Amino acid sequence: MSFLEYAPAPESRSVVDIAPSYGLFIDGAFGPASSSGGVFKTVNPASEEVLAEVASAGAEDVDRAVAAARRAFGPWSALPGAERAKYLFRIARIIQERSRELAVLESLDNGKPIRESRDVDVPLVAAHFFYYAGWADKLKYAGHGSDPRPLGVAAQVIPWNFPLLMLAWKIAPALAAGNTVVLKPAETTPLSALFFADICQQADLPPGVVNIITGAGETGRTLVEHPGVDKVAFTGSTEVGRQIARSVAGTSKRLTLELGGKAANIVFDDAPIDQAVEGIVNGIFFNQGHVCCAGSRLLVQESAYDEVLTALKRRMATLRVGDPLDKNTDVGAINSAAQLARIRELSDVGAAEGAERWSPPCELPAQGFWFAPTIFTGVTQAHRIAREEIFGPVLSVLTFRTPDEAIEKANNTPYGLSAGIWTEKGSLILAMADKLRAGVVWANTFNKFDPTSPFGGYKESGYGREGGRHGLEAYLA
Amino acid sequence: MPKSPSPAKAAKAERSASPAESDRRGRLAVRKTYKLYIGGAFPRSESGRTYLVDGDNVALASRKDARDAVVAARKAQTKWAAATAYNRGQVLYRIAEMVEARRDEFLALGVAAGELDAAVDRWVWYAGWSDKIAQVHGSANPVAGPYFNISAPEPTGVVGVVAPASFLGLVSVIAPAIVTGNTVVVLTATPQVAVTLAEVLATSDVPGGVVNILTGHAAETAPWLASHDDVNALDLTGVADPELATELERSAAGSLKRVVRPPADTPDFTADPGLRPMTALLETKTVWHPKGF
Amino acid sequence: MSGSAFNLRSFLHGLPGVDKVGVEARAAALGTRSVKTTAKAAAIDLAIRMVDLTTLEGADTPGKVRALSAKALRPDPSDPTCPSVAAICVYPAMVPVAAEVLAGSGVHLASVATAFPSGQAPLDVKLADTRDAVAGGADEIDMVISRGAFLSGRYDFVYDEIVAVKEACGSAHLKVILETGELGTYDNVRRASWLAMLAGADFIKTSTGKVPVAATLPVTLVMLEAVRDFRAQTGRQVGVKPAGGIRTTKDAIKYLVLINETVGDDWLDPDWFRFGASSLLNDLLMQRTKLTTGHYAGPDYFTLD
């Protein structure tokens, strides 16, 4: 890479104007947290620089937000669907117009490469609002009954890996179906949700239809346990999902959960090798591996093992790790110190358990949270790194001999979110796709998302689907 | 246990009041023993326990029976799900035929004629859904790219069911679960009717293990199903006690089971069930593949 | 089917498949690389040094070829730091004219031969064509494969033809044009690449420039993967030449990025990578001038040839 070492190509930060502090967005206006709340700081994980101080919502604030959403619910659900649709279309358009700003903001707060926030996250956010906007006046044709009704107030708690995209997945279908929402973004990535609140104001969305309250886990817990909410939607860890499922037991709250995964990416010896290698790389290093559906277990047919591993290592050596705002960066910063510690801990366990660890030579910045793309070979189903979700750029490589063995290993997990298959043989793809216990199966591709395509898990990866016609079901009675 | 005389009890009382048929024919009647239905067989409870229901000794299922039933259900599930939808529809239709054929026996157990008709019709209704639900509940998704993308429903797996007390209620929870390829472990408090249905199932080409029926006290066995890691979903339609329902739902969260909560109001099983009883026990799988040469 | 034909067929059809959507997505992703400032300056000079400055028109005359050859030597007469291009590429009839201008310059002289562009001529005609071009002074021969034979599965025929032409080339380098726009699938591009390399090609080249679809990034990516894998298996390095349709500096830099991230440094050299192009050179020169002067250049300031 010596000759064509690309010069730095940083995206300009000047397109985004981050205020020194942010309040809560309740009933159409920003305001400080009550005395029950507090403040916290959000940092740029690539530099550890403080980006802003953000209000932390306490119990009273949650009350206020739920009450505002409740007040707004009547008029909002009574609006003709076509009118709700127009608000959503308007929001979608504003997102498109402000896409550069939102992409830079997302990369600053999350640490993901600008290439991804610009080419994946933000375009999908706009697409999601466009898609569900069109459903708002067609709900009775969605296959969920001839007279579908909204549920009421939706409490939505989203993770830090795709902050704005997860917001879109939650808010767009909820609003289209006539619900109002109180959404809590993750503690480490609150900013794009707050910018979204600004977009709601810009779109003249009626006050209370969307409320954004920031805070940590406790705020989220208060929100989902609030007696005034009718629906809880959560994306995050399986452990928290379990707690939420327990907490809504015995209530009439409807619940959808999108939780963890440990997806098998299965490569047969007749795979299109170069594209399979791209798929493996995209499967685990996309978004620093902070992806619940990441292909974190590579299952390679033994007869293709050497070929695949050689090609994979060669490809990994070209990954560009560094400044998220550089347009040529492939792998950005780990989102937080806590997440970095978890990745390190599990990787150390992998090494201690005897798996062989390999990373390409790569220089990591001194400031910020970084972890080099890593693969472990010689991993078996008994290793913790083959069972636990690492949620980082760490790939466990296992082998198999026959399709049956691949299925057995792929399904041998409490999770069931996604899976990958690489082979040029059509009947093999279809048979594998049938037998894999996972909500999304990518054959000869990986980590593809679309607003029309339902997404969600089997088993401990959660329940309910987001996206597509199916995604409306979570918000309709 | 029901404090007021149940219809079954009344029917039985009637039978005993008149001079027994067998006496008229000069022989003593042979009574039926009501046992559990697990993996296609009719074992006694491994605990050896029975309890008296309307004068009959009925097997009282234990936690180990629940465990065995889950094993049987799991063993049967893959194959049942892999059977063609057409085949599952045929099997359900056969159940309808066999219930109809045993009409007198169900009536004698106190099932009202109208309810029995409705139950037979419900089997027929669900039989027809077997090869249509995927078309109605699936989709071809027009993603913004050169990809083939479809979503199709799949059974969630093994379902633990606390059945409602009526025969129509029982059928209304079993049929939607199994028609799509799930297997069930059913806890019932109406043992004679449920075991008679089991006898129907055993003679209707339903593979052993697809439906397993445990008679006894749901409060005793249901918690074992709720906490069992190899149960994928829990249908609490028949749980009358809200506290028990909450406890079971909370326990089901341990392995993130899909939970069908008890109905808020007294359920009207004669109404059109809609798709929910089936879709609540289905997973949606979405498959992507690139298109190109 | 002869034994060798069978072996060739099994081998070519045993190569890993190419997934269209995947390879196009990869090429498009690499196309978003941002190459700025110093890296851009280096890339432009390298791209100039990789140009096979081409004229392949029925209307070509000695005058036109002389002018083009002069431009090949000094693309920017006003700037002595501007490098020469790699080669001139002309029809065999024009070879002696170009040879005269280029003699001793280090700029190579390439000629299309073998009944370019269709390849629909008997083998002896193709060989005569080749020998004439070499005798006239060409040190590089750009041959076309018989696409008809390839598409009808007569791989041995195509193979034998390349072997024969290679022999007729003598010491001249052989570039084998696959005419990927007529091959229909990426799988065929990969197979044709291997077939050409196995038969002795020094370079594999995408296109004649005479059919609607010429060089594309994903096709070139597939060919780069082929030369990479071929070297890994045989130890022999083969060059790659996309030709046709590459008109802007931005395009050219995308190709360099492709090399950089697929096969690496070893191919970032005019000995191993060429652009078959005509109008590309002027755009490279304009961008080069913009980088040195700081303002945008205009076409009137660069020679037309």
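Read from first to last, the chains carry the letters A, B and C; within each, the first residue is number 1.
The definition used in the following text is that a residue touches a chain if its C-beta (ideal position, glycine included) is under 8 Å from a C-beta of that chain, and two chains touch if they have at least 3 such contacts.
As the structure is a prediction and not an experimental result, all values here were calculated from the model.
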> So what shape is it, when you link every pair of chains that touch: line, ring, star, complete or other?
Replying inline: complete
> Could you name the chain whose CA centroid falls nearest to the centroid of all protein CA atoms?
Replying inline: A
>> What's the distance between the Cα centroids of chain B and chain C, rounded to whole Å?
In response: 70
> Could you state the distance in Å from the CA-based centre of chain A to that of chain C?
Replying inline: 44
> If you average the CA atoms of chain A and of chain B, how many Å lie between those two points?
Replying inline: 38
>> I need the residues of chain B touching at least two other chains; which ones are they?
In response: 145, 147, 290
>> Using the touch definition from the top, which residues of chain A touch two or more other chains?
In response: 444-445
> Hey, what residues on chain C touch two or more of the other chains?
Replying inline: 19, 21-22
>> If we count contacts the way the header does, which residues on chain A are in touch with chain C in the complex?
In response: 1-9, 115, 119, 270-275, 278-279, 318, 327-328, 424, 444-445
> For chain B, which residues count as touching chain A in their complex?
Replying inline: 136-137, 139, 141-145, 147, 149, 151, 156, 229, 232, 242-243, 245-247, 249-250, 252-256, 258-259, 261, 264, 274-275, 279, 283-290
>> Under the definition above, what is the set of chain A residues touching chain B in their complex?
In response: 127, 143, 145, 238, 241-243, 245-246, 249-250, 252, 257, 259, 414, 429, 433, 438-445, 448, 450, 452-456, 458-463, 465, 468-470, 473
> Mind pulling up the chain C residues that touch chain A in the complex?
Replying inline: 16-19, 21-23, 25-26, 32-40, 42-43, 46, 225, 256-257, 260-261, 264-265, 268
>> If we count contacts the way the header does, which residues on chain B are in touch with chain C in the complex?
In response: 145-147, 290-293
